[in-house]
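Next come two complexes built around chain A: one with chain B, the other with chain C.
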Partner chain A sequence: MGSRLAKEYVQTAKTLRNDPAFSHVLALAPVSDDVLNKWEATIEGPPQTAYYGYQFKLQIEVDQNYPIKPPWICFEPQTVPHCNVDYDSGRICLNLLDADHWSPAWDLLHSINAIWQLLANPEPDSPLDIDLACLFRTKDYCAHDSLVRYYLNGGSRGSTGPIRGTR
Partner chain B sequence: MSTRRDLRNHIHELYQENGASNALLQMLSQLIPESMQEELLQDEKQGCPEHYVDSLPRVNKNKIEDHETCSICCCRYKEDEYPLVVELPHCGHCFDLECVAVWLSKRTTCPLCRDDVLSHKPKVDVSQVEMEDDWGMYG
Partner chain C sequence: MTRDECPICLEPLDETRSRLVDCGHEYHFDCIRKWHQHSQDLKCPTCRKPSHYLEKANQKVKIDLRKCGDANRAIVELAGSISNLALEPENQSRSWTLSSLECGICGTLDSEINRYCTVCYTAYHERCLRVLQLEVGDFCHRLFCCNCHQAFADSDESSSVRSRTIQRLDMPRIHNQPSPLNRGSNDPSEIDESWKLLSQLQSEARLQAIASHKRSIQNHVRRALNLHFFDSAPSGCRTVDKKQFTDINKSVSRRLYRMSDYVYCPESINYDDEARRLIQQELSRLCPGPCTS
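Right, the complex of A and B next:
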């Protein structure tokens, strides 16, 4: 199954070049061409969310049982305030990524895409960040987004617009 | 107090012998409520029966298109001169026998549509059976 990663590498590069449906995935490739079991991804915050204008990096590790076992995917520590992400570690709670819900027909690109969709569609019923989940569940989106921006701006209540993005 | 120490030593021994052994899991499961024990132990045997994959219908090489790939290994079936491709019942999704065998040893769902492959009763193929008009009415 080692060749699967090589095939994914080629296929992903092709898709990212040609398919506008994945334009929010700014990068997804192995860390080095020699070691295909460690990948890195960069995604853009989804439009019409507090994350828009920011970029987020993801670390991906794949063990030898991939794709029978799901990949391990994690945001960089302390970069993503989101009710399904543990802010300090970057750990993501997404059922697709645990062994019970994973399918070997999924690939890294679609996993990353699912995480991008999770950014826009928080699941407050299985939260890792209770505060954000509570705000979201009570439909106080204004407070939710403000708190997200507060974190994104480095914990200081600065301008509410994007400051770190490179758009 | 002493029983706890015994238990701890026993667990330690088991772990030293074979960390992945089921005996350790069984013992640890005794520490949690009975209703949850079953669930924990069931994790070990979630796949299809061993012979199940061998019973799946093979796909004839002539029926495989050149561009068709196995969605588990992402390889074209025809890359192999003698491709062993199987079709799952009901949903009809196809995979390399080798690839799907590994998956079905752990799970019972189709990788593409999550259809539970064991949930369907075996279909009896009656299309080839000649119906007898007399239904044994004579003699």
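Right, the complex of A and C next:
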């Protein structure tokens, strides 16, 4: 496991330096060079979405059985309003990161890239945020994006979630 | 990602490289088996296409992955030891299929299957046969196949023959294009073949284990004996020449093998002390007289 992560570290650094296809991944590296099982990533919001112009931080933890087991990846709490992200905890619902859909041929960079694509392509059928999912499902993209922007600009949902309650 | 890298561990593919036959993607044998055991399906991690056969590149052993679980676990267990053995290139044109070889009594297949009826092609654990024998009140020394009642060859004889001979891997049948239709554990020649392969692997693994125990013991002997050899000997120590070194090394090592019953157990035997003691004995036999060391 250790050597696979070390190799990934080297490969990822190289790809991020040279490959413009991953320019939206601003950073992806272990938190410290001594502990390779905790990584941190920063991604840019995808263009032509409400997330554009914002940066998002991700925490990554890697199990001892990686890559047989998928990595555990989550956004920082209360930073990402998205129908497949639990706003309060930052938990991400992405089937690729499930034990059932994960493949050991994937790596952390491609997982992060998949999360970036998820930002641009919400999956309202397996939502963690019901409100955003409903707006998206009814194709009210204008309202969806406005709500997203409202949160991104510092609007608060409050700890008891009044918006959720008024549904 | 380069072609010659295992997509699972990212290490270079070595002689344990194995190929999923249906899609052609290559992995280390241990890596892909570990993944298949975890995933419970037979999909390729790279392309997600299911592949029913896995071919080990160096030995051309074709493994039917659908008979997954125990059969393959047994092979995985053995694979570690056989991958170190140099297999002759003459086998490269052949490939074998490991069919199901469950114990006819308990129904499991593991690396401990050690009895095989050559008449009706049924495999057994010897312990299962013994237990059954006791249960039916048969206290006969010989074992019988409980399917066709054929007597097995005498146990001691056959096991000693197997543990002492290395046979070439030489399987009778060649599978060029395995068809999934006529495949099954009922094909006797295939079971026969798989059995031969399995027992081959077992005996080679056993020999390897013995060799590694012997090597560990010999290291102690050499270390102790080096003190008496040529220039490295401290002053006052008796020195030996090259031939004496070899002879003493051989005889002391042999006595230590017997002493520890061919299993290296540094917990119960102090090999350094024993080696020194036996070497002193040999030395005093070589040229009688007081030894100063």
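Note that the second predicted complex is superposed on the first by the 155 of 167 C-alpha atoms of A that agree within 3 Å, B and C clash if a C-alpha of one lies under 4 Å from a C-alpha of the other, contacts with A are read in each partner's own complex, and residues count from 1 in each chain.
The working rule: contacts are C-beta pairs under 8 Å (C-beta built on N, C-alpha and C of every residue); 3 or more make two chains touch, one makes a residue touch a chain.
Since the structure is predicted, the reported quantities are computational estimates derived from the model, not experimental observations.
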Fit or clash - chain C, chain B, common chain A: clash
Partner chain(s) touched by A:E8 [first = chain B, second = chain C, both, neither]: both
Chain B versus chain C as contact partner of A:S103, first or second or both or neither: both
First (chain B), second (chain C), both or neither touched by A:P81: neither
Partner chain(s) touched by A:P71 [first = chain B, second = chain C, both, neither]: neither
Touching both chain B and chain C, residues of chain A: 3-4, 7-8, 11, 67-68, 103-105
For the chain A and chain B complex, residues of the former touching the latter: 1, 3-4, 7-8, 11, 67-68, 103-105, 107
Residues on chain B engaged by chain A in the complex (per definition of touch): 71-75, 99, 102-103, 106, 109, 111-112, 114
Chain C residues within the chain A interface of the complex: 1, 7-11, 31, 34-35, 38, 45-46, 48
Touching residues on chain A, where the partner in the complex is chain C: 3-4, 7-8, 11, 67-69, 103-105
